[in-house]
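The structure is given below, and queries will be raised subsequently.
All chains are identified by letter, namely A, B, C, D, E, F, G and H, in their written order; residue positions are counted from 1 within each chain.
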Amino acid sequence: MAAKDYIRERFFPHLWCPGCGHGTVLNALLRAVESLGIGKNEIVMVSGIGCSSRISGYLDFHTLHTLHGRALAFATGVKLSRPELNLIVPMGDGDALAIGGNHFIHAARRNIDITALVLNNRIYGMTGGQYSPLSGAGVLATTAPYRNIDRSFDVIKIAEAAGATFVARSTTYHARELAKIIKQAIEHKGFSLVEVMSQCPTYFGRKNQQGGALEMLQLFKEQTASIGSKAMQEHPEIIGRGVFVNKKAPEYCQEYEAIVARATSA
Amino acid sequence: MAAKDYIRERFFPHLWCPGCGHGTVLNALLRAVESLGIGKNEIVMVSGIGCSSRISGYLDFHTLHTLHGRALAFATGVKLSRPELNLIVPMGDGDALAIGGNHFIHAARRNIDITALVLNNRIYGMTGGQYSPLSGAGVLATTAPYRNIDRSFDVIKIAEAAGATFVARSTTYHARELAKIIKQAIEHKGFSLVEVMSQCPTYFGRKNQQGGALEMLQLFKEQTASIGSKAMQEHPEIIGRGVFVNKKAPEYCQEYEAIVARATSA
Amino acid sequence: MAGVNKTVAGVNKFVQGNEACVEGALYAGLTFFAGYPITPSSEIAELLSVRLPKNRCCFIQMEDEIASICAIIGASLAGNKVMTATSGPGFSLMQEGLGYGIMAEVPCVIVNVMRGGPSTGLPTGPSQGDVNQARWGTHGDHAIVALTASNHQDIFHITVEAFNIAETYRTPVVLLFDEVLGHMRERIVVPKPGELPLVDRLKTEVKQGVDYHPYLPREDGRLPMSDFGGVHRYNVTGLFHDMWGFPTNSPQVVHGLLRHLTDKIENNINAITHYKEHCLDDAEVVMISYGSSARSALHVVANRRSRGERIGLLELQTLWPFPAELVREKCAQAKRVVVVEMNMGQILGAVKQAVAKPDRVTLANRIDGQFITPTDIRNILRLIQGRGV
Amino acid sequence: MAGVNKTVAGVNKFVQGNEACVEGALYAGLTFFAGYPITPSSEIAELLSVRLPKNRCCFIQMEDEIASICAIIGASLAGNKVMTATSGPGFSLMQEGLGYGIMAEVPCVIVNVMRGGPSTGLPTGPSQGDVNQARWGTHGDHAIVALTASNHQDIFHITVEAFNIAETYRTPVVLLFDEVLGHMRERIVVPKPGELPLVDRLKTEVKQGVDYHPYLPREDGRLPMSDFGGVHRYNVTGLFHDMWGFPTNSPQVVHGLLRHLTDKIENNINAITHYKEHCLDDAEVVMISYGSSARSALHVVANRRSRGERIGLLELQTLWPFPAELVREKCAQAKRVVVVEMNMGQILGAVKQAVAKPDRVTLANRIDGQFITPTDIRNILRLIQGRGV
Amino acid sequence: MARARFVFSGSGGQGVITASVILAAAAALYEGLYAVQSQTYGPEARGGATRGDVIISKEKINFPKVTQPNILVSLTQEAYNKYVGIVRPGGLVLTDSHSVKTERKVDARQVELPMYQLTMERIGNPIVFNICMLGVVIALTQVVKPSAIIKALEANVSARFLTMNIQAFDLGQELGRGG
Amino acid sequence: MARARFVFSGSGGQGVITASVILAAAAALYEGLYAVQSQTYGPEARGGATRGDVIISKEKINFPKVTQPNILVSLTQEAYNKYVGIVRPGGLVLTDSHSVKTERKVDARQVELPMYQLTMERIGNPIVFNICMLGVVIALTQVVKPSAIIKALEANVSARFLTMNIQAFDLGQELGRGG
Amino acid sequence: MSQEQKVKHLCNVQWCKGCGICVMICPQKVLALDDLGKVKVVNQDQCNNCKLCEFICPDLAIEVVVTGQ
Amino acid sequence: MSQEQKVKHLCNVQWCKGCGICVMICPQKVLALDDLGKVKVVNQDQCNNCKLCEFICPDLAIEVVVTGQ
């Protein structure tokens, strides 16, 4: 199936701003799914609320557009009901880690087989550019006119600490790598998390004098490097890209099968 | 001031079960406060709902007994209003990390100067022994009759990953050490977290054939060791006790002062 | 989990009200439960954690009540009959999710075993304080179905009915019990399979490749569903949406959807209304009550009737949509209508609006965390009649 | 933060309704705001993030709405005048915290700039769909104060009044605005300091060492507070509690506290009621409206009066406690009462219960996410009068 | 007895609630009677006096709570002190002589028996103290047939402990008949 | 004009809303007139046509929305197509000749001016395109005095850009008077 | 590229929002924006079929296909 | 312990719930439970004033004080 067969063409051109990184994530996701050859009926995409969460409307899967922050809780209900389906959950940084932080750490803890994508534009895009828990100190936002003092989560660390068994990061500049990592994440059995650094030129870029989409993408290029690369070793301030965690651990739905076995044999 | 001067004697004997570890935490906390010599008017204790949260009713501080899981959110409001006060927030494992997980990671992220205590009895004591996110796989509970399949959070790891700048663990068996660690936690400037392994003989012990309080305390003794000790190096399955993280980072209320400075100078 | 629901049936059991609810849910075909413990509802979760896995069905304890209601909605869309159970504080937290269930038309059952409120209130005290919250707790205009019962056999039946209504109208249904019922024990008889009619999930007959409209009601008003994972891919959202489930702000569509959501409940009020009546035929004093307080009212009726007093009881099992016509009719001949509830008069207003002579309606209640007794009601009746206590 | 509130005063401003609310809050003495962004209320947070630090006061963006309401309650107990702002979905999430504020008697102001519901609904569409939720959204019996206004000067004033009521009665106050008001701009005049009366936090005069009762009302009904960090240590809880704030399940105390929480609002309904009237003196048709829809109604009044029709408007600013007496009185002479709102009739029921002739009350509304226009109202008036459109 | 109203009181862990459930279940499931059982929780679930109420009747039971029991059982002093005042005149008060001093005079038959002591002596396990007490109650009131209790025990007690429970029940009956 | 009703339409980023706010603020704060400004948001805040409405009147304005503008300004084809139908007969339609083809015939005065082109040529910065447009509108309608707009600009525009804005405004007025 | 194969760019100008990302990312400077701010191919021959433009376009507005035998 | 000093245990039997933790923790076997299941001192002389019992008691029912000069 060609990548385009996975989208709902009638909703294109989509509603994201020109140069919004979320479109590139959509693009990469399509490639990942295409390369895995998964049928459209075998994927359930669950999203919350935010610019990022719009992604579900554009894709021709089973799509569940839920409440702000709650996508993973809905997805848990779907997945436990139908473990054979592939659950993909794209979220914004606010969606996943502000209001949705609790469901995030608990889904990771359970190691339930869901592929979570955090489209990290370091801002609440949908509501007009307020700071998020991933904005980081020093950033300007509509609710941080004197520069943000909130420290940022390290998504990679917190996902790992909470129990995620696949944890990775890429950016919209590295579209090909991104597609590959998303593919790996979908293949992984257990809770997988991909943080995607994505540009919001409309709010983050403009407010923070980072210029438009092009300049922001350049920054993604300059400020990141593959983990383990020489660049990273030499410049510790550089942000790592790649797969940080990839390990085996009991998956929740499989463990639930064990409960059923114990209950029915008793 | 003697330790007893910090309690509300008229509510004693307290309502915890015989042998409940939460009483020992109360005891240790009194010693810690006593040794610091903090005035009773300078402490605000904020708790949620649960057996552990009862602790606030027994102490002669400013006490705010709030909603299940929300203590840290209330405490944030108090602390930011009155940075000069000492905020102590005792929570149950469910309170802190099930329903309250989001406030937990965000308070840690902000590094706001609050002392959080997780009274970890690995069970929902108050509601009758259901499993908690700290029960761990294999445990029996009133909602896990076929043994729990939920993996447990590592409180230490998640607190650190979220941004806490003081992270420690002790047990009710190690009452003296516990008092010392709580003291350090209160002294620490920034978000401090002490996980206390505490016994619930009534639900956890009984359900899991661990015997009564005495046997459970023995287990705390046998299954833990000081971090860095030889015992720990030799037996990696042993649970570490002591201070895991103790570092300096910008504290939230102080940073807020900087915002005010920028706003008022502009 | 491709669970099959097996209920122990045709059996006498001596159970708590919470267990009667569990038996009813299993009889109705419950296959997925998600919840978070809270007094006085926790036994529902505990019992289901034992029973559901035996049926190869799902039980999951979530991180909180918000996650619980979201999980059951997800599970329902995947083809399960679903339920969650909580009490006041948890029910407050579920309000956003409840509204989502209403908007996305997802069948599900939410049990609220009421305790004393507001706030943490009296965790172990009986109360019927969440009746109006069940009606209006979530934001925005909406209709809701809320049911209750006064004894364990009825709890069983009304729980079955809750699932039937949820499936028939594709809507969340709230079951409002209370601490007295939840914790007391009495006998129930679990009917044999087939004895009670069950409404199964109506699945679409639209074939693969043909355009399926998840949100376009059929001639008979019903909306067949297609499980996630099936051959029809569609969109589910809490935004106003068109017949395929895609967001729109077209005024016509918005208006139509909101009316549909309300009308599907209100136009079927007769089918949704359940009640019982006791000695109403010639009653000059009509008591209206529900849940555990109806038991005390019934005690008074039995007691007074034996002395020849013309007193009767209308026991409501459907609280929302409020059966105004029924109440009006049953109170037509009454010299006095006495609403008996354990709150400050939450259905009182609806009763007053329903009857022809609102002045004749009075309230017999108790709000101190204690179960209202027949003596309380008798005392209030005396006072109403001007006879002092 | 030992912030001092400085408002730019006596100044003409051309502002959005959300900014008028901000100006009112600052004028009233707001010193602490916590919130989480949501359309169409986000401007309130944004503007306060600029203004509060200038006054050395606190602005904090929390992780969600639950945390926001908890944080302001904590901050209020520490001595601040506090506020949060949200819209429907966030307001649903705040219900548990709102109940806590009621039970623990903590002064605070919660702004809900309403948008189309239920659920995510229509994020940018105007609606007045959360009126009943404001009344009944949290679990358990309780009373609530909910205020609104129809123009920016009134938004300013009613916001000041919200703080005054919150402080006077130690209670949460809900401000219900809507998307039309929140986003449109018009001129306001910010009064000079002292021009409007402000109610400051009533602090206890009980000296250190003397027993202070945080929950024992004074002769005048007011409950002086003592800030956390002060010389009086007491307990605050969401459980039923005694006069020192400690939990109890004594039936007498429970009953007394619940009555107190309700009576302190309902017995002061006259002081709490705010309204405006337009051409009611000889009105045969009385329209009752509030918020932005009152503007359309007023347009109709102005228009029809010029043609000699006896039509008038009662504009409610206090929605809860519902001013039943006032409504009854103002409608006494009316041949027809028309309730104008942008929902399915949320104050309609209260109006019907209030007036002598409920049959004469009809609803003029719009539920499609569009602002109700004078033309809509005129058409409905014609239809009501049997004249077709 | 047309309508028997029981209050079983004691402290947490003594099993008074279990005993009340067994009795009520026996009546409801094996004797064709109406029965309701309920219990009181304070806001403090832990510690303090616990109480299990049972009503047994030939007729439908509407109001399910016991305000004035005909039969009050108290296994601790605290419970006795708290509840002895509510017993119906002419009713029965059963206490364990080991733990309760029955100082108050009430218009009711007071029966004090060494149930705990005997349980410990003859069976040696305190967990069946409550069932021994139930044996006494059945012997004294004959509200249901002993066989009904045995059936209820079979249905509610795990097989491992069944014999011990029946033993305790018989012991109680013996004691009750003698007492 | 007793009551002037404006609709300013264009695409996001063109500043039509800002222009509408400046105009309304000028009327309300510096001319003693009543003025309300409002804007329409779709569920999609991003992209698509944006619209700012202004009513200016000597009398109190109750209903704040513009259903039929006397003055419609459209800076994009999309906006023009969407809104040209609602203009009041006898009203005014102002479009930018660079971006809008005015195909439809309406019973209103149609004014097409090269506002964008001129802004770029004479000032070289597209961000003041909206203010140039406002200059045209003032010249054409005289709804408020130019000095009121200048004051509103002073109050709302950061000092750095003020000169450029005033320049654009003057440019627009010139164009409007000439047009 | 073998000589027989030809790279063709399917540009969907309806979808293209003119962000210029493809122009920036193309290592061969094959692409540019036209007057209306939409993508256009200016150096077809230089294209090495790396598909970076196709992968990164946030609007799915470019497809690079290989034609010829 | 110097001979002049005496260790005294203030046991609050009203508060003691008889959990036995103090008995278990005491390195000197100074404490025991009495018939009613409350703490009592059985080996006063052995006490080394380590205060472990005081620190660990969940009911704050023991205080160890030193009297005498």
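As a working rule, contacts are C-beta pairs under 8 Å (C-beta built on N, C-alpha and C of every residue); 3 or more make two chains touch, one makes a residue touch a chain.
Predicted, not measured: the structure shown is a model, and the values here were computed from it.
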Mutual neighbours - chains that touch chain D and chain G alike: A
Comparison of B-D and B-C by number of C-beta pairs in contact, larger one: B-D
CA centroid of chain B to CA centroid of chain F, Å: 60
CA centroid of chain F to CA centroid of chain H, Å: 86
Where chain A and chain D are represented by their mean Cα positions, the distance between them in whole Å: 39
In chain G, residues with contacts to at least two other chains: none
Per-residue multi-chain contacts in chain F, two or more chains: 42-43, 45
For chain A, residues that touch 2 or more chains besides their own: 16-17, 20, 67, 98-99, 101-102, 106, 126, 128, 133, 145-146, 150, 256, 259, 262-263, 266
Chain C residues touching chain E - in the complex, by the definition given at the top: 12-14, 39-40, 122-125, 180, 183-187, 292, 295-296, 298-299, 302, 371, 373-375
Parts of chain C lying in touch with chain B, wherever the complex brings them together: 36-39, 42, 45-46, 49-50, 53, 59, 61, 63-65, 89, 119-120
In the complex, chain F residues that touch chain D: 21, 24-25, 28-29, 34-39, 41-43, 45, 61-65, 67
Footprint of chain C on chain A - complex, ascending: 11, 40-42, 44, 46, 56-57, 60-67, 70, 73-78, 80-85, 102-103, 106, 256-257, 259-260, 262-264, 266
Residue numbers on chain B that touch chain A, as the complex places them: 98-99, 101-102, 105-106, 109-111, 133, 137, 146-147, 149-154, 157-158, 160-163, 249-250, 252, 255-256, 258-259, 262-263, 266
